[in-house]
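The following blocks contain the structures, represented as structure tokens.
The same chain A turns up in both complexes below, where it pairs with chain B and then with chain C.
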Partner chain A sequence: MTGRQTRSTIGMLAPATGLIAIFVLVPMVLTIGLSFTQWSTQTGFETASFVGLANFADLLGPTSIGRDFRAAFANTAIYTALSVVLILPLSVMLGLLVHQTFAPGGILLRTVLFSSYMVPMIAVALVWSKLYSPTEGPINQMLGWVGIPPQTWLSSPRTALVSIVLLNVWQQVGYFTVLAVAGLTQIPRSLYEAALVDGASAWMQFWRITLPLLRNTLLFSAVIAVINAVQVFEPVALITQGGPVNSTNVMTYHIRRVGIERAQGGLGSAMAVTLMLSLIVVIVLLFTLLRDRGEQR
Partner chain B sequence: MSSMRPYRRHPRTWRRGALTVVILAIAVAAAFPLVWMVLSSLKTPEESMQVPPVWWPGSPNLNAFTEVAGVVNLGRSFVNSAFIALVTTVAIVVTSLMAGYAFAKYRFKGRDWLFAVLIATMFLPPIVTLIPLYRLTGYLGLNANLLGVVVPNLANAFGIFLMRQYIKGVPDDLIDAARVDGASEFLILFKIVAPSVLPAIAALTLFAFVYHWNSYLWPLTVLQGNTDQYPIVISLSRLLSYNRGAMNTGLVMAGATLAVLPPVILFVFLQRFFVDSIVATGVKG
Partner chain C sequence: MKACKGWHLATIGALMMATSVGTQAAEISFLTHWGPDTVALLDAAIDKYEAANAGDTITVRAVPFGDLLTTLRTSGGGAGGATIAGIYDAWLPDLVRDSLVSAAPEAVASDTTTNWPTGVVSAASVGGSLYGIPNEIDVYALNYNKRLFEEAGIAEAPKTWDEFLAAAEKLTDASKGQQGFGLINSWAAGVLHPFASLLVSNGGDLIVDGKPVLDSQAAKETFELYEKLITSGFSDPAMATADANTTGPFLDNFVSGKTGMIIMANWWESALKAGMGDAFTDIATAPIPVGPSGDTARSISYSWMTVVNAQAAPEEQEAAWKFLSWLNGPDSGENGASAMGDILMSMGILPSRTSDVAAFGDRLSSDPFLLGYTQTLSDAKPFPVVLGGQEFSESLQQTLEALQFGQVTAADAQANAQADATEILERNAK
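Up next is the complex of A and B:
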């Protein structure tokens, strides 16, 4: 490589790489380092004192630190699992509706679904807090029309987390639908024509052709859905503040509360590291479960 | 064939009609929250409090919108949001074009390794780095300031990935011809490569603008309660606490409607590029 080439390579890469190194990679490494310390977020890094695995022991321990953290962890796990279980099948179903050309309206549906993905989460949270309102909200009113009794939605510990999952699914499903459509366009038409010749029903075609060939798309969607789900923050910060009775206290909210608001930087970092490790485990599991194993299928 | 028509045509038409109804019903249901938001912003406070809820405003009016401006500094918040979204978007497009070009067209030692590290950051939830980042921007004197919102977000891995995917498709001959003519690498990037990946630039513009217009967690953290510097999404959250209960529904909905407009308008214009870019990065990537 000549000098000129080296110089242009460095020149082209420096801004983006430098910024990402300083503002993502360095903080990542700091998070790991700080997780072994006791440190007040209000003071400089040099005030951090090494405490070994004490923070992690606290997270697993019997005190309120451990109990609150494990509750937030469990809530996030439930929230994530529910989000993925709802979003993936919905995205395939909606994707089929957008992708088909038999009946009109596919593009309209895509536009409507994707519009909600553009809406700031804070506005989504505000609007849904009113939609969910037990007395003045239209959702309970509509349920009443079909004879379903009014639900408590965000105001009861039993239903609050699920209510937030639902508003999140509404906001995000458009994105995953477009991903599903992208996957569907990759499936060769000839496969369906051959299946038609063999007399396979539409139902059989879906299970034998469409779903298996969407495997990689679904894997990608599942990974993104998991990563998005652990980031839920606005509806909790704005409407429920983690309540009622801690039922919506999720990881992003809890880590920020501990690490920034209470300035327990070391403890908050230990929580962040635990979240990161759990995410890696989940993503590796998803890959081993869903990845296309080539000839086997 | 012609003898089969009468038997086949009828069920086909019927099924097409049924499917159309299903699609429209889902579209209406999906649009409902946003339609409700706009309708509620036009209602009177009395209508907002009625039980059961009134769907259609009896005398549509914009009072709630003027009232929002009295509670939060709406103009200032909009300027702040526009500043954050525009500066980050322009910077992200430029830094991503440069790095994407290098990763797509240069050969250098450690290229694939460096690219993999950068891409990995795409999957990192922001909360994982939030605490030290907050201290880091504090060291740089950026806390409680709009610059603190902007500076850590001038480059991102997704932009680099998107640009690399598209720039790979630009013919090498085109670039080599310009090099023979003595054009500098920056001239080649901005005069030859960039114009041939305009769809990717449009998509990245939309992604970056919408993401940073909507972003909440980082601005809330770094601005440390300095309300002068609040973007519209954080000012909005103050509307809810301003007056809890049904009284302020119209107010909240008017604020939400205003905050939703810029990203949704941008989306309507750039929708096609957006969808194409998801196909390019989601499946082939």
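Up next is the complex of A and C:
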């Protein structure tokens, strides 16, 4: 590449990379730097005082700082795991229903499923908080018709987090179904026809053709689902406020509480850095796991 | 009376002059957590003010209570934040430390010191400087459903903890999904203030001289009272959830007659009226029952105030103090009350300005709902205003919720609460 070409390449890349640097990298580097300081978010950066690893030690310590952080971290991990475990199989199942041509209604089902993704979270939160009402909520009333006793849903620390997960699955599954359908359309029909000639059942076709060839789609869906789940904030802020007994206090809500409400910017930054590192580890593991499976095959 | 009126006018005139020297027309904003009906009253007062003060423009920004502090902290720190904000007194020390609010001008401070009770003025001050003009004062009282009391054969409101537990037992009917006493969870103040009111009515305190005293005998008995309410089934924590708007199942259960008693503040009246309609007449109030270590019925009290953004432009700050002086002054409302007093009383909230208390004297002494609160007012203990107050409140909230859901015993809850509070207050005081 000549010098002129190099300069031209840099010139063309500069606007995009510059924006990324300003709006993504600079805040990341700032957050990492602030995580080693004691700093009130209401004052200028010049007031931050270096405290070394003290903030991270507090996160692992026995005080309420550490206990609340670890509880929020665990809640986020459970929320993420449950969301991914429920959303991915459901999206594939619904994707197959939408994609099939044996029965009518596929496009209608796709529209209905995707519409839940388009509803603003504020509306979802308002409606679901009433649906979940333990004494007057329609869900418990419907369960009562089939002899199931009322459930506590958002009103108990045992069930509140799972209730938020179900709300998330309901809202997100349509989007992931569309991704699954996009993956299904990429699989050549000829493979299924050849399998039929060989006498493969529908079940065998699913396990031997559909699922392996959906691997890249599923990897992408899993990564997006993990990132979305880790960033959960609105339903917690709008419905449960992290309660009861911190059972729905997830990382983003907790960081907001510590970093903004209490203005403990250094501590909040340390939590954000820990969350970011954990997310990187999970994403790398996900790629490694699915890539290895592909190589084994 | 005429002389009194003349004195008021002279005072307001002096305040106007003191705060308007060199004042230019300004656009200012008012951040509040009030609901639409109350904001409409504030807007009406603003219209009246703007008609008499051409050039000044005031807009109202309303957010849910759960978002108020966050909004204040995220936008209040910059020049683009709200010029005026209504805040809870417990937040003041942290906001002053972070230079988010400005000290009141001398004329405003002097007027406030003259016209408000000393305790309320001290809650709006830090380090001897006044930072806000107080408006509402809140205390807690027992709210009970007279219809349920009658059905359960209870003649009158409980005055002691023994009577309180006996009433809770009679009111509890699991077959109807009915609980005797309603706790609250998922809302820090909603969890903490009823507990603190029972504690002070049992002769105890949360914090004394900046140090937590949750290891006292009075606190032990209060934690044990909560444990008994839960283990006996008189309170069902699953009926206690609140949401970001401080409503939710705990409110639904009380207004629908599934909760016999609850401890709540006086501002609760408007929510009850909205939720119950004509059935609101079933609700009565009484002072907090006295515990075994207490001597008289007490409640905690807290106040709200309007503060001015320290980062706002000087002319905006001047315009803000001028407007607040008028809004809280005795000539902006009806019959010697302030416009702020009128707004507060529309929600059943007790005003704190001495002249407002006098102007609304008849209503305060005759309103059956407010009676349980006004009876308690003179014996109320101010909720401690300390650095780290919000973190302290949220920590104690978690401990009390863990007790509600049977995750800890009363003894463990007391030990955890004292240890956490000590660590939090020491760290924030540094």
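Methods note: the second predicted complex is superposed on the first by the 271 of 297 C-alpha atoms of A that agree within 3 Å, B and C clash if a C-alpha of one lies under 4 Å from a C-alpha of the other, contacts with A are read in each partner's own complex, and residues count from 1 in each chain.
The rule is short, and it goes like this: contacts are C-beta pairs under 8 Å (C-beta built on N, C-alpha and C of every residue); 3 or more make two chains touch, one makes a residue touch a chain.
Small disclaimer: the values here were computed from a predicted structure and weren't measured.
S.K.: Using the superposition on chain A described above, determine whether A:S40 touches chain B (first), chain C (second), both, or neither.
M.R.: second
S.K.: Of the two partner chains, chain B (first) and chain C (second), which one does A:S64 touch, if any: first, second, both, or neither?
M.R.: Second partner only.
S.K.: In the overlay, answer first, second, both or neither for which of chain B and chain C A:A195 touches.
M.R.: Touch partners of A:A195: none, neither chain B nor chain C.
S.K.: Contacts for A:L13 in the overlay, against chain B (first) and chain C (second): which applies, first, second, both or neither?
M.R.: first
S.K.: Quick check on the superposed pair: does A:S133 touch chain B, chain C, both, or neither? Answer first, second, both or neither.
M.R.: It touches chain B and chain C both.
S.K.: Which touches a greater number of chain A residues, chain B or chain C?
M.R.: Looking at chain A, the partner in contact with more of its residues is B.
S.K.: May I ask you to decide whether A:L213 touches chain B, chain C, both, or neither, giving the answer as first, second, both or neither?
M.R.: Touch status of A:L213: no partner.
S.K.: Would you check which partner chain A:G243 touches, where first means chain B only, second means chain C only, and both and neither mean what they say?
M.R.: Once the two structures are laid over each other on A, A:G243 reaches chain C alone.
S.K.: Is A:R256 touching anything from chain B or chain C once the two structures are fitted on A? First, second, both or neither.
M.R.: Both partners.
S.K.: Applying the touch criterion given at the start, work out whether A:T152 contacts chain B, chain C, both or neither, answering first, second, both or neither.
M.R.: Second partner only, chain C.
S.K.: Share the list of chain A residues that count as touching for chain B in one structure and for chain C in the other.
M.R.: Dual-contact residues (chain A): 41, 129, 133, 135-136, 237-239, 256, 260.
S.K.: Which bits of chain A are touching chain C when the two form their complex?
M.R.: Those residues of chain A that touch chain C are 40-43, 63-64, 68, 129, 133-136, 152, 154-157, 237-246, 256-257, 260-263.
S.K.: Under the definition above, what is the set of chain B residues touching chain A in their complex?
M.R.: For chain B paired with chain A, touching residues are 15-17, 19-20, 22-24, 26-27, 30-31, 33-34, 36-37, 40, 48-53, 55, 94-96, 98-99, 101-102, 106-108, 114, 117-118, 121, 123-136, 139, 151-157, 159-160, 185-186, 189, 210, 213-214, 216-217, 220-221, 233-234, 236-237, 239-240, 246, 249, 252-253, 255-256, 259-260, 263-264, 266-268, 271, 274-275, 278-279, 282-283.
S.K.: For the complex, give me every residue of chain C touching chain A.
M.R.: 66-67, 69-70, 73-74, 77, 94, 97-100, 177, 185-187, 237-244, 248-249, 252-253, 256, 258, 388, 390-391, 394-395, 398, 401-402, 404-405, 407, 420, 423-424
S.K.: Hey, which residues of chain A end up touching chain B in the complex?
M.R.: 1, 5-6, 8-9, 11-13, 15-17, 19-20, 22-28, 30-31, 34, 41, 44-45, 94, 97, 100, 102-106, 108-116, 118-124, 126-131, 133, 135-138, 141, 144, 170, 174-175, 178-179, 181-183, 185-186, 216-217, 220, 223, 227, 230-231, 233-234, 237-239, 251-252, 255-256, 259-260, 265, 268-269, 272-273, 275-276, 279, 283
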